[in-house]
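Input: structures, listed below.
Presented sequentially are two complexes of chain A, the first with chain B as partner and the second with chain C.
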Partner chain A sequence: MATSVLLACGLNEQRLQPYTHLSEESGVDGGFLISSILGQRIRVPNAGTILICLHQTFSHYCSAGIRLGYNLQMSLGKNLRVIDILNDIAGDFGKSKWTTTTGNFLQLLWDEIQTQSMELFAAKSTITVIIDDLSVLLNLGASPGEIMRFANRLRQWSEGRNADVAIVTKLNTCEAFGTLMNQIGELCDIHVVIERLKSGNFKEVDGKIVVKKDTCSGPFDFQETEKTILYKVLERNIKIFNPGEVGIKV
Partner chain B sequence: MSSFQKRKQVPLPPGTMVSIQSKQPVTSSGIPSLDHILGGGLNIGSVLLVEEDKFNVYSKVLAKYFLAEGIFSQHKTLLASLDDDPQDMYKKVPSPSEEQITKDTPQNPDDMRIAWRYNNLPQVNSEQNSQTIGHNFDLTKPIQQSVLDEHGGLSWDGNDKHEQPTTMFSNPQFESLLHEIAQVISQSQKMQLSDESEPVPCVRICLTSFGSPLWFDNDFEGDFIKFLTVLKAIVRSMFGVCMITAPMHLLQLLSETFPAQIRNLVDYSVQLEAFAGSDKETNPIFKEYHGLLNINKISALNTLNAFTPETTDLAFKLRRRKFVIEKLHLPPELQESEEHNAPSLPCGDPKKHLLEF
Partner chain C sequence: MISNLLINQQKFTLFVDNVGMERFSDQLIQALLKQQGQNSVQSIPANPIYHLDKVLHDITDEPLDLPVRTNIVLQPLAKLLNVYTPKSIFQLVNKLKKNSNVQQVFLWATTKNIAEHFVVPFLEHLSDQIVTLLDRNHLTIITRKTGGVVTNKYYQYQLGNGDFTVREVKKSVQKPAEPEPKPEASFKIDLEEEEMVARNALKLPYERTTDADVGQILYTPDVDDDFDEEDPDDDLCI
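Right, the complex of A and B next:
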């Protein structure tokens, strides 16, 4: 279903890299990658997942997951915990802690993640925290600096737990927050950029994925590998192509 | 005794249906051709952004269609605007056309006796038609006052200030409008709770000229984005849809990336690029149309992939009775031009290397 795209991005591992960041350009929808990662994580034995819903409500991830062949409702409360911020805001926006505590809600989110992770660590050995997406935190009043500090804190937490914690974050309309995207790109181990095709729309390809991987072996070794693939999201699976492969009919 | 119970089918409210494409409940935008382009209608829980034309003529027509569909489908409708008087706008909402009333009558089988097979083919006119929900409205027939009194919608014009002090926004109008929307939704939920056999009433929210200079304040950009974030959260949780018309040509002057941020927070984004006042007005290629309709976004809501329309080359024209969206057809080239006779390279386009696939 989505294994090919995860393999291409280096995300089909039992243990994910400590920090993976997805940057989504405007004009493309990278939600399929979050659904693919979610599907992969809930199938890994002895692994827990915390999903922070900022861009879509939990029901969206459930419906998208069913198309990819997994049911999130079955995992809810067992190896999946959900912090549905969008749903909380919809309940009573005037009293919701996410809208009334300006700037400080990042601390609230941090506390919430810690509480959920403590409960999950009682039964699971590894945890993946998925945040979709960081731009909503900016919309709610956080500054790019605060988001950067929050991302750094998550990274340090992951390193402190000997990579028992993996962080996956997504930033939509990344070109609007170029500095933030670059800073988080430097911080993360795998940086996946979902771009639209610059040459126009094409029915057989939805967009382009650029995977940047940090492969430095020492403190003075700065090496980064970069790979580009093309993708097409279908109703129940995701197809990937190498650049130049599409259109070849034998 | 068997423990199995027959699953009760939850009835859908009038004016909604399950889409064939997305397998999700959808409702009409009021314009059948727009519904067809967007994949059978607007998904319940979605936000449609209409990027206004410069003179705000055609976007108002779209808003009227949206409201008319709500009124005639007995949806709970809210119209909010600071620029126009909502009550005046309600009075200009169109009624269903005569052809809509006679639509269900069977066609005469003698219509095409010799070329009878052509009866099943779509008409030569490329105007799209997906009529299972929605009405065909006649713009020359304004709504009757009695219908408006019976099913008329609610309105917000910014005069009803909310009593509580605002904590979320610099401009209190944003919070006041959000409270009004929340009130409409809670009323519709109460209606459903009072009679559980009845389907959940559908809610329609229409914000016209949202983000016009009348909304400007100290922290306008922050307020605007925050409002859209909260609105999206509210609309997701309700059984209804929201349409926003916004002057994007003005908003993009505030910041280059502002339109992209706005489009990120909506599910559908269509732009009305009117020819009036532009070079295209006198271009013979476009003489049949009043403008182009650009689809900027169709998001994948509750599904993996977004609907892809057959074509994105669309144009619109405002006829006397209706607003029509069609595939853009160029007129036939009858005269030989110099370009046509120019020698071309035998092996493809020299710019082909710029393509990414």
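Right, the complex of A and C next:
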């Protein structure tokens, strides 16, 4: 259902790169990529996933998963752990630990990820941590600097475990947080930018995905590769096109 | 090799990156030092900064027990600014510049990753050597020597094949745009200055302003008038 888009972005591997970051511009919805990655991760044998819901609730991802051909409820508690912050806050705003913590909110989230990962590592060899929107952390009181330190700490954790941990984060309305996006872009191994079409709306294409990768093969041998694809999210699958391909009738 | 130009007696070298090579900056600086046989290198802060506590401790508290002729590679400026205040970074740079055991200090600043706009210009002011990566092929090196001589050179660079080579080029100065050729004609096209003034002073009929009082219809209705607003032309008996 979503294999083509994951293949095009290089996210269809058994082991993901240590850090993958998705930057979503305003005017487009890149949530389908989170759902697609989730669907791929829960199918990988001996791999666990921790989903941190900040932009959508877990029930949203369950519904999206069913449309894309997988059932998250079947994996919940086995190879999937969920930290549903949005649901917790919406359930009881005044008493939720995410809004009433007197100390550092990100430290609390870090501790929660560590607890969940320890439990998963008892049965699984690799873990993917997916955070569906970093910009919500700003609304919860974290500064851009603190978010960067948090992202750095996640990356260091991933590297320290010999890439047994893969991190996937997403930043919505990324153009509003340009410096944060650029800094995480430097930190990550694969930077996927979901952009709207500059020329306006088009019924056959929803937007553009730009996949950026930096490779270093020596002290002075740096290479930056960039790949652009167009996408259209349909009811039960995601279609991708090469730029210029849409509209050609032979 | 660019290392011949950069590894010298200048105490503080600032790299201003307009391209986006920050993630390779440490490797690049270390490799430049290695090319020149400079093996005494220390990174500050030594350990990566990933603490999540809100208290920003002072970077100048970092211990500086340095051996003689040590080269210091500071962590990229964007990372430092996530943890330390600009003031403490400036103080650290000054402290390192004054330390007699320090051979050279290197700092990498990627402009797009830094929100505070005053930090890079201030560090440029503090630096003895500024390497500005303008794009993927061009860079400039500004060197301020202790005698007061300042040089600003423009280079074409190439990264790859295990080397960082540069070639000095003349910066192409854009020539002022040539005036468009005038069409050939059997009569005079140009205007003299007086003619130009006269032309500008001339008001064309459609530009003329009229007084508000002129041309208005003044009509005082009679007592017997039965003006029909729905059909104003009723009295014409058409």
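The definition used in the following text is that the second predicted complex is superposed on the first by the 245 of 250 C-alpha atoms of A that agree within 3 Å, B and C clash if a C-alpha of one lies under 4 Å from a C-alpha of the other, contacts with A are read in each partner's own complex, and residues count from 1 in each chain.
FYI, contacts are C-beta pairs under 8 Å (C-beta built on N, C-alpha and C of every residue); 3 or more make two chains touch, one makes a residue touch a chain.
Predicted model only: the values in this text are computed from it and were never measured.
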A:198 touches, of chain B and chain C: first, second, both or neither? first
Touched partner set for A:214, first chain B, second chain C, both or neither: second
A:100 touches, of chain B and chain C: first, second, both or neither? first
Which superposed partner A:110 touches (first chain B, second chain C, both, neither): second
Partner chain(s) touched by A:90 [first = chain B, second = chain C, both, neither]: first
Which partner reaches more residues of chain A (counting touched residues only), chain B or chain C: B
Chain B and chain C contact sites that coincide on chain A, given as residue numbers: none
Complex contacts: residues of chain A adjacent to chain C: 104, 106-107, 110, 144-146, 148-150, 152-153, 156, 178-179, 182-183, 185-187, 214, 216, 218-222
Footprint of chain A on chain C - complex, ascending: 20-24, 27-28, 30-31, 34, 48-54, 78-79, 81-83, 110, 112-115, 159-164
Chain A residues within the chain B interface of the complex: 26-27, 29, 31-32, 35, 56-57, 59-60, 63-64, 67-68, 86-87, 89-94, 99-100, 135-136, 139-141, 172-173, 175-176, 197-199, 201-205, 208, 230, 233-236, 238, 241, 243-244, 246-247
Contact footprint of chain A on chain B as seen in their complex: 164, 167-168, 175, 178-179, 182, 222, 225-226, 228-230, 232-234, 236-238, 257, 260-261, 263-265, 296-297, 299-306, 308, 312, 354-357
